[in-house]
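We just call them A, B, C, D and E in the order they show up, numbering each chain from 1.
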Amino acid sequence: MIKVNRFIKKREKKIGLPPGTPVYTGEKKKGGVEISVIDYDKQQFRKKEYEKIEDCFAYKETSTVSWINIDGVHKAEIIEKLGQFFKLHPLVVEDIMSPGHRPKMEEFEDYIFIVLKMLSYDKKEKRVKEEQVSLILGLNYVISFQERQGDVFNPIRERVKKGRGRIRTMGPDYLTHSLLDAVVDNYFLILEEIGEGIEELEEKLIDNSRPDTLQNIHSLKREMIFLRRSVWPLREVISGLQKSASDLIRRDTIRFLQDIYDHTIQVMDTIEIFRDMLFSMHDTYLSNISNRMNEVMKVLTMIATIFIPLTFLAGVYGMNFKFMPELSWRGGYFIILGIMAAIVIFMVIYFKKKKWL
Amino acid sequence: MIKVNRFIKKREKKIGLPPGTPVYTGEKKKGGVEISVIDYDKQQFRKKEYEKIEDCFAYKETSTVSWINIDGVHKAEIIEKLGQFFKLHPLVVEDIMSPGHRPKMEEFEDYIFIVLKMLSYDKKEKRVKEEQVSLILGLNYVISFQERQGDVFNPIRERVKKGRGRIRTMGPDYLTHSLLDAVVDNYFLILEEIGEGIEELEEKLIDNSRPDTLQNIHSLKREMIFLRRSVWPLREVISGLQKSASDLIRRDTIRFLQDIYDHTIQVMDTIEIFRDMLFSMHDTYLSNISNRMNEVMKVLTMIATIFIPLTFLAGVYGMNFKFMPELSWRGGYFIILGIMAAIVIFMVIYFKKKKWL
Amino acid sequence: MIKVNRFIKKREKKIGLPPGTPVYTGEKKKGGVEISVIDYDKQQFRKKEYEKIEDCFAYKETSTVSWINIDGVHKAEIIEKLGQFFKLHPLVVEDIMSPGHRPKMEEFEDYIFIVLKMLSYDKKEKRVKEEQVSLILGLNYVISFQERQGDVFNPIRERVKKGRGRIRTMGPDYLTHSLLDAVVDNYFLILEEIGEGIEELEEKLIDNSRPDTLQNIHSLKREMIFLRRSVWPLREVISGLQKSASDLIRRDTIRFLQDIYDHTIQVMDTIEIFRDMLFSMHDTYLSNISNRMNEVMKVLTMIATIFIPLTFLAGVYGMNFKFMPELSWRGGYFIILGIMAAIVIFMVIYFKKKKWL
Amino acid sequence: MIKVNRFIKKREKKIGLPPGTPVYTGEKKKGGVEISVIDYDKQQFRKKEYEKIEDCFAYKETSTVSWINIDGVHKAEIIEKLGQFFKLHPLVVEDIMSPGHRPKMEEFEDYIFIVLKMLSYDKKEKRVKEEQVSLILGLNYVISFQERQGDVFNPIRERVKKGRGRIRTMGPDYLTHSLLDAVVDNYFLILEEIGEGIEELEEKLIDNSRPDTLQNIHSLKREMIFLRRSVWPLREVISGLQKSASDLIRRDTIRFLQDIYDHTIQVMDTIEIFRDMLFSMHDTYLSNISNRMNEVMKVLTMIATIFIPLTFLAGVYGMNFKFMPELSWRGGYFIILGIMAAIVIFMVIYFKKKKWL
Amino acid sequence: MIKVNRFIKKREKKIGLPPGTPVYTGEKKKGGVEISVIDYDKQQFRKKEYEKIEDCFAYKETSTVSWINIDGVHKAEIIEKLGQFFKLHPLVVEDIMSPGHRPKMEEFEDYIFIVLKMLSYDKKEKRVKEEQVSLILGLNYVISFQERQGDVFNPIRERVKKGRGRIRTMGPDYLTHSLLDAVVDNYFLILEEIGEGIEELEEKLIDNSRPDTLQNIHSLKREMIFLRRSVWPLREVISGLQKSASDLIRRDTIRFLQDIYDHTIQVMDTIEIFRDMLFSMHDTYLSNISNRMNEVMKVLTMIATIFIPLTFLAGVYGMNFKFMPELSWRGGYFIILGIMAAIVIFMVIYFKKKKWL
């Protein structure tokens, strides 16, 4: 069954409220909000977890790069406090709490706001699930918001901790790039999983085209639409960052953003190719049904074409006319059996010639 | 049945008239025109209803923000008088009274004219209905025109009255934004209702593909076309407002307009996704019909393939030849019954192997 | 039958001739060319008919607005003389006489040349017919060329005569606008007539899908293509006029041109919607055929499935074996009839369950 | 059968060779290369044929307009010599000899190079054939290259000779325009011929949809693709010439180029319309097949539905039960015949009601 | 079976690693990396093979043109060393080792980086195979990287050695052009091979439409998608090189790049035409199936329609009514046989008229 509400997030709670009102519009959620801070520069590295949002306000002014990560956006008061301290636009605060947004990038005077989609693939339900990630890139801090705790950002935490690559020597714009990169890299994993699903489906299709095969094809097509909707606007986000006139994005980082841009194009290409594959699987399915119908019809026609004339012949000699000379011939019965056999042989040859057998 | 006139408003009344002639071209309507004014600034709030249009002319010059709302555009003399006093271009007056217009935005020297579509979904008829809303944004006033009284703007009235949000502290451009926002927010509600319709239809489709299912799919597709036609040009309207060089739109408000722009894109995305869903439902419908035909053919073929040879056999031994040795065998009849049973068993096994059973 | 030559005007007469040669390329035509002049300004109005083209050359230099209307472009010498006097480019003279042109707008130093299509709908043949209208907008004159006499411009003549609207107070650019407006307004009438044709066809489609319904759908689709070809380039014509740097178009008139532009977009929108409707009618038609086939197959299958086994049973007891115990049972016949009835009842229940009945 | 090599010219001969190597890549050809020169200005006209290419080098420096026409591009040494003398870029020389090029326009310092396609329609094979025409427009000369001798340029030769039109008074750019015009005018002739083919095919389609009708539709579609490929890039060629900053194209001629541009658009429009027609003919073909299947099924179903029950009835009274009271009734036989007639009448009425008859 | 991983290169190895990490992501490979250098100018030519990458570092500073070719990119340390010495951006080093990249062009301060696809056609598997080629164009050197040793660049080696064409007199930009040209020329060969495959398939299609024909059509379509994905971005690469502001591309070479650009467009055109052909082959296939079904149905219907009434007639006279006057007529049997023959004749005439025979 189609879950239409995957595509339109319930907005009822918000209708009638003035814009910029911070109201969480995602699925209901319990549990707390986890706040962690990673603070680093070339020399030092600190990682802390906080309970109160106020505790991490100090990081705004430090000269080190501070990455404030917030898992859970369902508590309006936390996001609101943060928004007030970091002087975020009310609409930004609202967007952070509304998981139904398209990926987008907005430049403000002293920060850049990015919305993107973290995807995961639920193998059981064969569905792509999405989670909204919001990023605030400031002068020397990055704030990231996730709907729930995930492990996609862990390798970056590791990299910062161990000082692998150039991440420790570069600014918060490079950190933002790394977070974007982690999200886009994850798309490739999902495409691989879906790709395996397509391969499996195709094997099934060859063996046996049952109605549920069609359902599967359609639901995979739908996942492609879903994916495309999440990935397509990302292109604009990244090219927006590249073309940004803001000082927050250093020249060095733009080259790295190009790398993510290329990956996004590759993801889009693959999605289009998968869609094409699913279309031709759909064609194959329909043609299979058609072929099978043809098979059925041929069997029926052969049986009918062979036996109907024979039955007629038998019917003729089953008539009760008083005067039917053949009936009293001694070999009449066997002659008729012979004629019948001849008809069968002729028919079989005819069908062979027509390539029905 | 298609109501073609949903798409082309009867224009006969107007043909041959010079442009700028104020003639109401919508459906016939009785009853009066309701005029109400809300006048506010940071400190004060006044709401009044007037009978004569002349009574609200005074608000043009006040320094407070004045929102003049007019429900009903079918009385030419009212709109004309207003147009003359507020120095509206004759074509603007004409457009206000012609409900068949596409959404558009036009800048004039001292006001901006906006046409947009208010939509509602008639659940019984399963049809989207549209109503034209025209807005005039002046230096310190907003004039809104609706075809009939609606409740979409009520939350804004409430917000102004109670001073919720920033509406009371901002100018008429923010009020215009709020009205646009209310209209676009309403589109989400309609999409949800249509989304439910699609879900229902899909459930029906799985149970039972009757010809009227196809009709429903097509009529939903048509509603999508209808919706798209109303929403698509709205994008340009809003981006036109954003890029407007006019002083009437303050810089603060542009950021808020971006929010509406995002929502419009989301609405368009959802419409496209619904269309895709309806296309695949159409495919499923056709494939269901095909499958059912296959089922029917298989039943026919099995029955015919089993019984036609048996009938032939019975026919053979119903022949009246004088000399047919089998007929006089004692067990002949039972042997034949046995042979018949063997044929049936063989056929059933054959069909099992062919996966028809 | 397709009349391909609707789409490609015979050009044979022209092939090999140098460009700018004035040769009439439309259908053969008899009769004369009618020349009429309307000359007006705020104070005065004169209308005259002339026999010779030279008689209206005087109007070129008057300070009043002069509208020279020429019905019939099949006499090369008339158009040529006019062209020489008004210093028209040879290609303009050629284009006026070639009815196969796309709508276009070309600016020259002291005049603007406009080609557009006047459409009419032949209800009997269910065909859109087109006629080329050419306009020359000069400093204080407008020359209009029609293939034959029409009544689309009559309301404008009336308006000028009676001084209704602002037409008498404005220049030849506004007159040109009025002529364009009259042509575009006429498209709405044609769309309404076609719209009615679509409604009728849809009703027929529901009652009875005969092969000629498909023909009708296709021919309506073709009319849509025909219409689109005439209307689509009009958009560019009008936006070309709006963006024209020429002094011939005054600033006041540009606002009015926007109105025509909006109407053109509306016409295009409606054409697209009609095409969509015709596509879904095509789908419905195909699905109707499919459904009817299904119905036929079900009837056949039911009859065959019920009677074939019964006939077999009757055949068995029609065999002439000497020893068939049932035959000599007293109630044998009635038992068999009972069994047959039981089979029928079982089958009917089975079909009910399968929802075939 | 598809001739794929219509679309990809064999390039094997060239692979591995450095670019700019003059090698003829078209079909093998015998016979010589014909060189003719037409030299003219307002006062004089000379036409000569030469055997050696060197003989026409003198025309490069004359102040008159010289049109050097070369029929046959398969002799590398001729083209090469010419190229060296006229200082053509090696790639230009190479392109002249490679008939597989797309239409294109390239500006060089002292000449403009144009490639275009001359088309002809082979009525027997129902195929469009193409021939490459290359033009070099220099300061006071035009060089044209054709693959073989054709008669498309003859009218222009006549025009120059007799001094018809403005050709003698204008420069080599106008001559180039005339050559382009002759080529494009020729496209209309081909479209007319194809148009007639489409009309014929449609008539056939109505009478009788045989499998080869589909083949014809597909091959016409393919010709359309072929045509489009030749015509589409021509638009850019001509608009490139119009926008060219080169002094070789005088302002006067640009207006004439616009005329060719309009014709090219018309050709493209007609191609699109033909494609649309062929698509709907394809639909009609499929629907015809479907309808015929329906007809066949109805006949089968009617026959079966009428006679199967009757045969069963006859079978019942053909049973050999000892005790079957009806058999000994005097009028039994006639009663049964009556019942059978009643069944037939009932069935016929039923089919009438179902509109199968 | 679809090999989905042709479209998405396994990226698992890289996920979580910082960007710019040189890791080989292609298929596993053994064997060494072959390094060869061709060093030339107008006067001299040297060709050497090296074992260690460090040996060819000296060529960076020579004034001659040095072409360093590296076959095999699976050894990270080699590419990395080279990258450090030639000061390549870490992302460039990474891209060279990741064979899944789209064709692209990136300008750096002192070199240009180009990625493109070398294609080959595996006739047995009927599959296009791709190999990544990376090029570094520096001030007086070109470095080329291939996944494995190929012979596509051999003609260029020959040309440089023998000093054919202008290659020895021009710079490294012309060498780059020659390498690009060799790659694009090779695409034509592949298209020819695929074209032959399409021709073969079409012949098969006419003889005999078996289900595997459809499979072949679909797999060829997929190869087209694959090809397009490799070729499409090449257009941008080449136009990027043409528009490049970098001094590394001299003005002379730009003209030659236009030649490659034209070829790329031709390749794209041919791909589109092949896709169109495959679509119409798909249509033909479906229509063939449909036609064959029609044939089968006609045979069945003819047999059934002729023999069912005859069988009924025989059944009537097989009834055992005591009083059936016809049975005792002397010529009854022959009269009935005559009636039966008449029915057959009538039916055959009817079918002839309906054009079923």
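Assume a contact is a pair of C-beta atoms (placed from the backbone, for glycine too) under 8 Å apart; a residue touches a chain by one contact, two chains touch by 3 or more.
These figures come from a predicted structure and were not determined experimentally.
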item: Third chains touching both chain D and chain A; value: E
item: Same-residue or different-residue interface between chain B and chain C, half as cut-off; value: different
item: Superposition rotation for chain C onto chain D, Cα-based, multiple of 5°; value: 70
item: Centre distance in Å when chain B and chain E are each reduced to the mean of their C-alpha atoms; value: 43
item: Intercentroid distance (Cα basis), chain E paired with chain A, Å; value: 26
item: Multi-chain contact sites of chain C, meaning residues that touch two or more partners; value: 290, 293, 297, 300, 304, 308, 311, 315, 318-320, 324
item: In the complex with chain A, residue positions of chain E that touch it; value: 1-2, 4-5, 7-8, 10-12, 14-21, 89, 91, 100-102, 104, 106, 208, 211, 214-215, 218, 221-222, 225, 229, 282, 285-286, 289-290, 292-293, 296-297, 299-300, 303-304, 307-308, 310-311, 314-315, 317-320, 324, 326-333, 336-337, 340
item: Parts of chain C lying in touch with chain B, wherever the complex brings them together; value: 155, 158-159, 164-167, 177-178, 181-182, 185-186, 188-189, 191-192, 195-196, 198-199, 202-203, 255-256, 258-259, 262, 265-266, 269-270, 273-274, 276-277, 280, 283-284, 287-288, 290-291, 293-294, 297-298, 300-301, 304-305, 308-309, 311-312, 315-316, 318-324, 355-356
